[in-house]
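Got a structure for you, written out below as structure tokens; questions coming shortly.
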Amino acid sequence: MHLDDRLFSDKKLYLPLLAAVLLLPWVPMGLAGPYVLRVATLTLVYMVLALGLNVVPGFTGLLDLGYVGFFGLGAYTAGLLTVHYQWSIWLVLPLAVMNGVFWGVLRGAPTLRLGDDYFAIVTFGFSELIILVIRNELWLTRGPMGVPGIARPDFCGAVLDQPWQAYYLILFFLLLVLWVVVRIRSSRLGRAWFAIREDEIAAECVGVNVANYKIIAFALSAAIGALAGAFYARWFRFVHPDMFKFWESILILCLIVFGGMGSISGALLGAFILIPLTEVLRIVLPDSLSNARYLLFGLLIVCMMRWRPAGLLPVEKE
Amino acid sequence: MLTAIFEQSSLFLQQLVNGITLGSIYALIAVGYTMVYGVIQLINFAHGEIYMLGAFLGFSLLSGFFGFGLPFGLAVAVSVVVCALAGVLLDIVAYRPLRRAPRLAALITAIGMSIFLQNLALLIWGGQIQSFPQHTIPPFLGEPALLLGDVVVSWLQVVILTTAIFLMLALHLIVHYSRIGRAMRAIAQDKTAASLMGVDVDRVVSYTFALGSGLGGAAGILVGLYYNAVYPTMGYFAGIKAFAAAVLGGIGSIPGAILGGGILGLAEVFGGGYISSSYSNGIAYAVMILVILVKPTGLFGRQQRDKA
Amino acid sequence: MPLLKLKNIHYYYGNIHALKGVDLEVYAGEIRTLIGANGAGKSTTLMAISAILQPQQGEILYHGTSLAGRAPDEIVKAGLCQVPEGRRIFPGLTIQENLEMGAYCRRVKAAIVADLEMVYELFPVLGERRRQAGGTLSGGEQQMLAIGRALMSQPQLLLLDEPSLGLAPLMVEKIFSIIERIAGEGITILLVEQNAHAALNLADYGYVMETGRIILEAPAADLLKDERVKEAYLGE
Amino acid sequence: MAGRKTGELLLKAHKVVKTFGGLTAVKEVSLEVRAGEIVGLIGPNGAGKTTFFNCLNAIAGPTSGEIMFAGHSLVSQVSPATRLLVFRLGALFALLSLLWLPLALGVVWPETFFRLEAVLALSGLAFFRIYLLKPLSHFRAWSRLLLLIFVLADGLWAVVWLWRSPDFAEVGFFSLFPFYPLLVPGALLILIAAPFFLLMFNLPRVREAFGQHLRADVITALGVGRTFQNIRLFSSLSALDNVKLGRHCRTRANFFGIVLALPGARKEERDSAEKAAECLRFVGLGKQLESRAGSLPYGDQRRLEIARALATEPELLLLDEPAAGMNPTESAGLINLIRRISQAGIAVLIIEHDMKVVMNLADRIYVLDHGELIASGTPAEVRSNPLVIEAYLGAQHAAAQA
Amino acid sequence: MKRLLRLIGVIFFLTSFVAVSASFAETIKIAVASPFTGPLASFGEGVKNGALLKAEEINSNGGINGKKIEIILGDELCDPKEAAAVATRFASDPEVAIVVGHLCSSATLAALPIYKEAGLPAITPASTNPEIGKSSPYYFRNVYKDDFQGDFLANYAEKVRKFKKIAIFYEVNDYAMGLKEAFVRQAKNIGLRVIGAESYMAETTDFKAQLTKFKMMRPDAIFIPGYAPQATLLISQARSLGMKCAFFGADGLDDEIMLKNPDADGLFVTTPFLVDRGGAMVKEFVARYRNKFSIEPNWFAANTYDAVGLAAAAIAAVGNDREKIRAYLAGISSPEKAFKGITGATYFDVNGDCLKAAFVKLIKNGQWVSAEEQLQ
């Protein structure tokens, strides 16, 4: 098992990259204007999401079509707590993550025995239900009115109101998630997930409690999704059910399919290429074709599966 | 008191009529899912988009969107045939190269195709809800066929129901009494053994796609007429609900799909009518999830023996 | 000229070298048998002949012409039909439909009906239950159905893969007598078996296979006396 | 290797039956393995040998019969009829939950009543109850009482629900005053009990005590390792990682230990790498630690599978046709390997077709045919048993031999 | 790997290039954000046309202080996420003086913090959510709020039409729900009975179940706060169920597609803009609009036309400076200082919301005509 991705095994590669990412807000000549910084921040959010989703389909081999549900859950938990109680992000964030874990486990527990297709459908239905509740329960979520006026993230009592501060904050979360995922991946936990992905029965016969490890995977994945959501709400300062459509699940899936399912650097790379690409396409394509972006993503998925099913950075070296 | 009872019962009857109509539409779409799943164990996510395509083709041919209009019957026939061909094309382009790939790959491809087709329709026809021009639809369809106190059954509902029944019967005959139908069932049970008997599996799969997609296209036109609304995302929701219907009945089983469609249609209408209308999609999802969790093989589904 | 000739067939399942150069010949009118232990590659050989698996190397000649690149259905049309291991009948189809599936490649209705009657005559058990689902039959009856189904394609060469698998001894004898009868009607047979003695008693010529190779070939009568065969089966 | 005395009874299967649908694949097979022994299990193809293995380690537990391993019962003692009854009760329990959950919520949270329930009841807490069904369906008699309480509570909710149903808006909630004191405790009971059961049924000891089926991973942890007829390696992982996975049930590091890189977890990881490498060297794959399992030659894959099973520190090793597809040199190596395993104090139960291997290795042999045990004894006894000869070579040959 | 790095480099480069490629032409940029594609494109169309028409008019009159106006369009599909991205793009382009836009309230609310942060003033021609004005001093609104329209409709239904029993069929979105709340509140005040309220989602096409329920309640009229595409289906389905009651809605139903539906005859709606009620200015606008785009102007076009006019007036008065423009707009705070446009006089309250008249129009023989009795 070559669990270390190339990205992490080659210092020549990742050190310059890390430096570039760290220095991005300070690149001269207006390059790092608010717009680029916003796109960069969004990219980092999607990197976190891609890493989180990757845990389930990438590591345990179960297709999750409802990841946006946890993203939305995290965003709404954080958004509502902030609006009602004006709590600090450092208090809200763990609560959002815990809520994500709770629903992740709840969703996971009964789906343990389901095969891949059915699991995918249940995850889809579950996330649609979450979004439906968010949309319809006005007393709780204000439904389609959205939740405006969410406070910005803060740190030690100071409000982080500069774009670069939000950028570094999500960068910090990304590195945190990356640390967790990389650690887990090369541990007995990660191995157990890979075993489940490859052969559930054999995994059981070497002593892996398949149910428990699947649940841990669901919980971790949901936690990361909720974390991204919580940051997103505080950064965006507005949440609305339309922000968590099914399409978002597909987009996140697209990121990891593009980068290579199960590959951590692949997930990062997928987000790194595709999210800025959506912005580039928005500008490059004429207005009448702005929907063609989605069309291209659909096509991209099909072509990747056809010609490079393992993605750009496949996990295995032959 | 009496009038209240009368009102309640006619409310119930009207909902029943609505539910059965809706159910028969779901059943028509669900059959397409179930047939493809039965034969190649693939959830053809793009099936809903074929249904949408059927509706759009019917609309375009009738309204002269492509620059020419066709008479009603011909337009319907042409769009059903084109849908059938589109289904075959879908199989050849997207799924056939992945026959031996992991099922996850095929499933993701299906989702990709679904997104692609939906947005293609958006580019061609635009995102707005389109309506059939009044003059293109036979006028009697709008008239009530049956008036029972407050209960109205429109000719359109009658036509939908009879078409659905007719198509289902035709499908039953094809699947059970034709050579190709026998081959489909054989492939569904054992692909290798079927090819050892000289069945060209790819060809039969193409037939399956053609049949299922044709039915989906027919459902698309019927729905387009019924609601007089055609729009690119119609396939997404209808597709999911029809899939839920197929699962409910036991995916892979045609009578199951029909029964599942009926149950789901009724559940949705009664749920929407008596409980909460904004959750009517939710009811479909919830029914689907519960059925999968409690009985993963559905009502009529057979437990597939693991072939070691 | 042999009816069927395998020349140096190699097959890999991924990295596993399952067939390591198999050479084999079957002449018209004969019964030949291929025996060997589990996992020796017997079924793989048959699947390669039926074009379900495409060998990476080597050539399969039928009537002297290569079968390379042919699809499984074309093989059946050419008159090569297989009764697969574990019978693999269609459990949800009726017995009649199962048999009709065998005649899938044939177009002449009348001839198919005639053959159906022929099969029912050969296996009266099937005739009695022609409307019953195939899955309701017992193991032996299923085996008969599988053979009958293959006969419906009017094969010149019948490939039988372990027809005795999991059957009671009495039933095994019955199946073998049926195979003999089919051979008597001029159909060439290649029989793959673990039940070595029964197979060798029936066959004209035998091959012994071990780990993807033919290690021994001789007329069946000679093989029956061969110590190496005994050793392979009872470890004596 | 728990230092058992040679000859001590390790595995005892008593009248194990396994049916699939109407087909009986294993018929009342009884078998014993003692510590230090190598026992062979042979029989023609389709005789039910692998099915029997699957019964032993709960991949597909037996329909009836008893299996004891080192003092633990590996099989449910609940009869199928009881299980069915419990299951039906449980199904009722789950169904009724759909009725009472909205009400429970309506009590706690009146403004949400009848709006939240459709989603919450269906997707949320109802999941818990369905999840509970599975463990309950293996449960013993006294649990039925609990179930009954739940069902009664549900029934109460249902009655209230029906009574209230005409028009919620106008009747108003508190008109139901006499029921109110009953509703809340009922809801609380169920809400507390559900997580409690969830917890309880996940503790292996508790489950074992109630005679539930052990899961395959628990059986592995108890000391039964196995290999498969058609190799089941994790083919995209390296050889070393495959074997490290074998160490899984002997390691304890948890999520936090791993993420925080606690010293314990790190030491454990190092240890398991060492032990895994040792196992690989033991089977002769010391040089292929980093090769991808799927790219190893066939014979090496077989040995890797054995190494993986050895890494679980088994007391009993189940080998399913380890020599299949091996050439004579390779099988000779295998015989040697199995001998060494046996010398290390691990009992071996082996299914094999290659008679050279079995006859050479086994102390005792059991013969299965059509799911029935037709003979047992030393290799010499078995070889000359007419029933065995008939099963293998056909009736005529047996007659000729006789 | 190298190729991959190069690819990443190219993408990075492209992104940054596009970001800094702001031109330095001698124009004043007015950004217009709205859905121009997707399901709500027909509304966005009006916004676009109105803006272009006004810009053309100003430019042909010599521009503002000699500088031409340039309209830059941002398509946000009515999606909050897209809206935020579009808004950041506008905000980071220093040439953009003011934004006219965001049609859907959800998009407006998502973009709002970004404009506020960048100090960029914005005028929405169509978002009626009450939240908007309150949340930011930089946001102005050239349309009435939901609550005003809801109150108005309730009064109209009771006083002019003399309805007794109303059923409501509302879409689950911010616009429709705001309307519904306001309507119900006002109905309660004036003693109009609301006998039932049912909701539907934007993607709903089957309303029969709920309509059947209403049918049994025999309402005098059904109020449809929502948008035209669903409303037209809803009305047809109600008629096919044999319902005879009246239908009415708010400005969301003011759309050409209603005219194609013969069942919709008699439907009345509120609108901020009525062709035959206006003076010469309106007549001229309508004529030029028809001439240029060969379709009838809708109220989105009219409101946008005025919003761009307002923006241009502000720029003309104080120059191209965001802060000053905001101050100028905020200064239009009384009827005397009001901006006179085709939709009447516009002035803002402290929140940046405006008070506008609403009119009622109805469909007669497939044409919109203004109702004979208006409520003042």
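Per-chain numbering from 1; labels A, B, C, D and E assigned in written order.
Rule of thumb we're sticking to: contacts are C-beta pairs under 8 Å (C-beta built on N, C-alpha and C of every residue); 3 or more make two chains touch, one makes a residue touch a chain.
Predicted, not measured: the structure shown is a model, and the values here were computed from it.
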Key: Steps in the shortest chain-to-chain touch route ending at chain E and beginning at chain C   = 2
Task = Tell me which chains count as touching both chain A and chain C.
result = B, D
Key: Farthest-lying chain, centroid of Cα atoms versus that of chain D   = E
Task = Identify the chain pair with more contacting C-beta pairs: B-E or A-D.
result = A-D
Task = Please report how many Å separate the Cα centroid of chain C from that of chain D, as a whole number.
result = 37
Query = Just how far, in Å, is the C-alpha centre of chain C from the one of chain B?
reply = 43
Request  = Just give me the whole-number Å value for how far the CA centre of chain D lies from that of chain E.
outcome  = 63
Request  = For chain B, jot down the residues that touch at least 2 other chains.
outcome  = 122, 127, 276, 278-279, 281-282, 286, 289, 293
Request  = Could you check chain E for residues that touch two or more other chains and list them?
outcome  = 37-38, 172, 199, 201
Message = Touching at least two other chains at once: which residues of chain A meet that condition?
response = 110, 126, 129, 132-133, 135-136, 291
Complex contact set, residues of chain D against chain C = 44-47, 294-298, 301, 321, 324-327, 353-360, 370, 383, 389-397
Request  = Using the touch definition up top, name the residues of chain E that touch chain B in the complex.
outcome  = 37-42, 172, 198-201, 203-206, 208-210, 212-213, 215-216, 229-230, 232-233, 236-237, 240-242, 257, 260-262
Ask   = Once bound in the complex, which stretches of chain C touch chain D?
value = 14-18, 37-41, 162, 165-166, 168-169, 172-173, 194-198, 201, 210-212, 231-236
Request  = Mind listing the chain A positions that touch chain D in their complex?
outcome  = 1-3, 106-107, 109-110, 126, 129, 132-133, 136-137, 139, 179-180, 183-184, 187-189, 191-192, 194-195, 198-199, 201-210, 212, 216, 220, 315-316, 318
Of chain D, residues touching chain A in the complex = 57, 59, 111-112, 115-116, 119-120, 122-124, 127-128, 130-131, 198, 202, 215-218, 220-221, 225-226, 228, 232-238, 240-241, 244-251, 253, 255, 258-259, 261, 265, 268-269, 272, 292, 295, 308-309, 311-312
